[in-house]
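Quick one: the structure is below, and I'll ask about it shortly.
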């Protein structure tokens, strides 16, 4: 009986969607040549897909309802359990290291280049994860700091001939500075206003870069940005790529290292507390504004460093690389990977950036899928693919000493 | 004579046209267990919020005299500074940090007593590591005192209801207060849990040298526990005194039972 | 802090006042034209901003996908008008049907979006619902782009040049006057709907206290759906009108227009319907002067700057209520 009802319901939903999508999916008008196509096949597809999709949707929705009645599950994701297991941990990390070291030598340059992009996103994702995942501040203008880093390198190099290795730490400071400057006025705002205002800041920086010709060379952008040097020595194109690859790997490791330490420190706990309950957090003696500002500024730091690497890798930048869609892509990496979870963010970046690169046929559907995934993840799995796990402390009660068991 | 540990004079709080608190004066002596009672909507929680800096009162004086320190005003301070000065509170509707373990919830309370900043957190010099370890041990000890040590690594939301209320107290204790404000600590507890809470509050006063102000509707708990009771109704203070005084006070009975109670 | 704010505010008002009077005296005609241009622009913002403000008033969510609803309204009108035009239907019928279809389809999309992306998250943290809304916006944009085209499509104005309007056409075109008049009519109708109808009263009750409204027998889910439908309908009208005005549309028009309308809603005080209208007119007119006298390429920067200034100095907007947080 239940199944029959379900089918009936799904049929109605499919019918509804067939009507709903009719003008846009079926009719295609060319107002220049005055022709109309009717793509009836699309109608059929919409019907079939929504019929089954609604069944799956309802099934999961019911399952979620049933689960909510029980306790909130504190199952530890598989990957975390494996990493806790010493026998697994070592060989796994060894294999992973071997893979990433061998990667640029085994695969052609094109693949190395793509992997660099993905790793830059890992950095950006981990940085944004501090802001969105840990501190719960929805920052839709994250790309602004990425642009700050990229333009800092391009312009400082152009005008003063500063090298990559000089600009990298400078850009980190510059990113922090910009984070504080932008964060200072806007972080007093309520959460959802913050999203819009940061989005606005992201757009402002892009519009300024586009229109302020004397400063940024406008929409033409800046070309011939030199790659990083190795103690004053430059490699050929192929080796430069490998060199940048290892620089990014280094930066990613550094990011993981620091972010992990921050997460389980006083300040990291304050971020999470702030995300969970602002009022209780303040009542525990935490300065709300200062805590938000540190998260915002630290996030900006990593974005700026990512920008420098990006500029050095592509050797050409223009404002079109720093649109709102870039911010949203980074946000997707964090949200879909798992807010607050470093492993989730890394997995999210690798999957979301690498897959579309290799599945060229579906690349144009990338943003469509990202959008759908955001909704689906929020509805069914708000913790993302790999949810975060809190540190576990063990106590030896007799001796009152503590053995810490650290997890990534 | 010693100055009262918390001295509130002529406190008034307006929300638009509504006077949630109207000229309320309350003094709490050191070592007291004081209760603030009154019908629903009388302004009890607003009073807490005015003291702890969540609201800025429209008018009035809020002064504290921490043991061994000088008198200072709290008015206009942000909540975190009030907590730093030594006033901790719990919430009527439990407000735990659900993304964290029980231990971490207590460690958040330690936050304002720790000094390490971001740079130290990233580089982890020995001083930071020691401080962090001490925070963990201190927090664990607090959990032991409150009797929650078996839950130490559980997520806070998964605790039974009574334990969640106790965890709020543990978290407040971690901020090293001299004055503890409890907002309906017994709400939703069964008689057994209420009895344990009763013991806990007495123990806190006697062994931790705390002064306690609590809002409570459970009259049995209030009468057995408190040294001094303040009664508010419609934002005004209508009475104060020992439990015996309050029981006999006709204004209080009126406030609780309505105007017609004399005829009944 | 208070004195700094007040003196800063006075200084800004003084400077603006000085420039206004100077420009008014220098070229009154141009000044007036910019005013009318701003009024038109503000009217469109108002039609979209209503949807934001009503939804926000009821479920405290920034409906990011609202701009896309507006775009779908315009897109549907374009498709319907083109198809019927090629079939050689009567112009008047085409205009009416295009509007009807645009409104019906926008409402249907608004309704569906709420059911899919927001209803399951009613009790989730606000951040989750907001991210879901962003996802929906992204999805709808790309859906229209892939199913139709990424290019701009020319949009033949549905509004004819009225004969009786000819004497005034050099000041304001008939499309512009239609926009302003339509907005006024829609506002009045909406005001009546909210003030006097059953569903309007239910909306106001739900906006104040969802739990209480439910206890009194109001079906909150239906009220929320109705809010999305009404907001989508006004957005669709705005979408078709702006398409007539600008003469071309693509899948992306909803995003920026939605953002601007949202800024307008915040400016006026989000949750307040008169606030949304006022905020839209203020934003539209001031933008018009800014682009007319200063830099047209920094138009959006100007809008965002206004938003930031307003939020810092008056976080609840011009007409917004300042409600204390409940503890």
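Going by the order they are written in, the chains are A, B and C; count residues from 1 in each one.
Quick note on the criterion: a residue touches a chain if its C-beta (ideal position, glycine included) is under 8 Å from a C-beta of that chain, and two chains touch if they have at least 3 such contacts.
These figures come from a predicted structure and were not determined experimentally.
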With chain centres defined as mean CA positions, report which chain is farthest from chain C.
B
Two candidates, A-B and A-C; the one with more touching C-beta pairs is A-C
Dist(centroid_CA(chain B), centroid_CA(chain C)) in Å evaluates to 47
State, to the nearest whole Å, the distance from the C-alpha centre of chain A to the C-alpha centre of chain B.
41
Chain-centre distance (mean CA atoms) for chain A and chain C, in whole Å, is 30
If I count partner chains per residue in chain C, which residues reach a count of at least 2?
325, 327
Note: chain A residues in touch with at least two other chains are 279
Which positions in chain B are in touch with at least two other chains?
54, 91
Interfacial residue positions of chain B with respect to chain A in the complex
52-54, 78-80, 83-84, 88-89, 91, 95-101, 103-104, 107-109, 111-114, 116-118, 121-122, 124, 128, 132-133, 135-137, 140, 149, 152-155, 157-158, 171, 175
Given the complex with chain C, which residues does chain A contribute to the contact?
16-17, 19-21, 23-25, 27-29, 31-32, 34, 36, 42, 61, 64, 132, 136, 138, 140, 185-186, 188-193, 195-197, 199-201, 203-204, 207-208, 210-211, 279, 328, 331, 335, 364-365, 367-368, 370-375, 378-379, 382
Per the touch rule above, chain A residues touching chain B in the complex are 71-72, 74, 258, 261-262, 265-270, 272-273, 275-277, 279-288, 294, 298, 340, 388, 390-393, 395, 397, 400, 402, 404
Where on chain C does chain A make contact in their complex?
60-62, 72, 75-76, 78-80, 82-83, 86, 101, 105, 108-109, 112, 116-117, 120-121, 124-132, 134-144, 146-148, 153-156, 259, 262-263, 266, 295, 297-298, 300-301, 303-305, 307-308, 311-312, 315, 325, 327
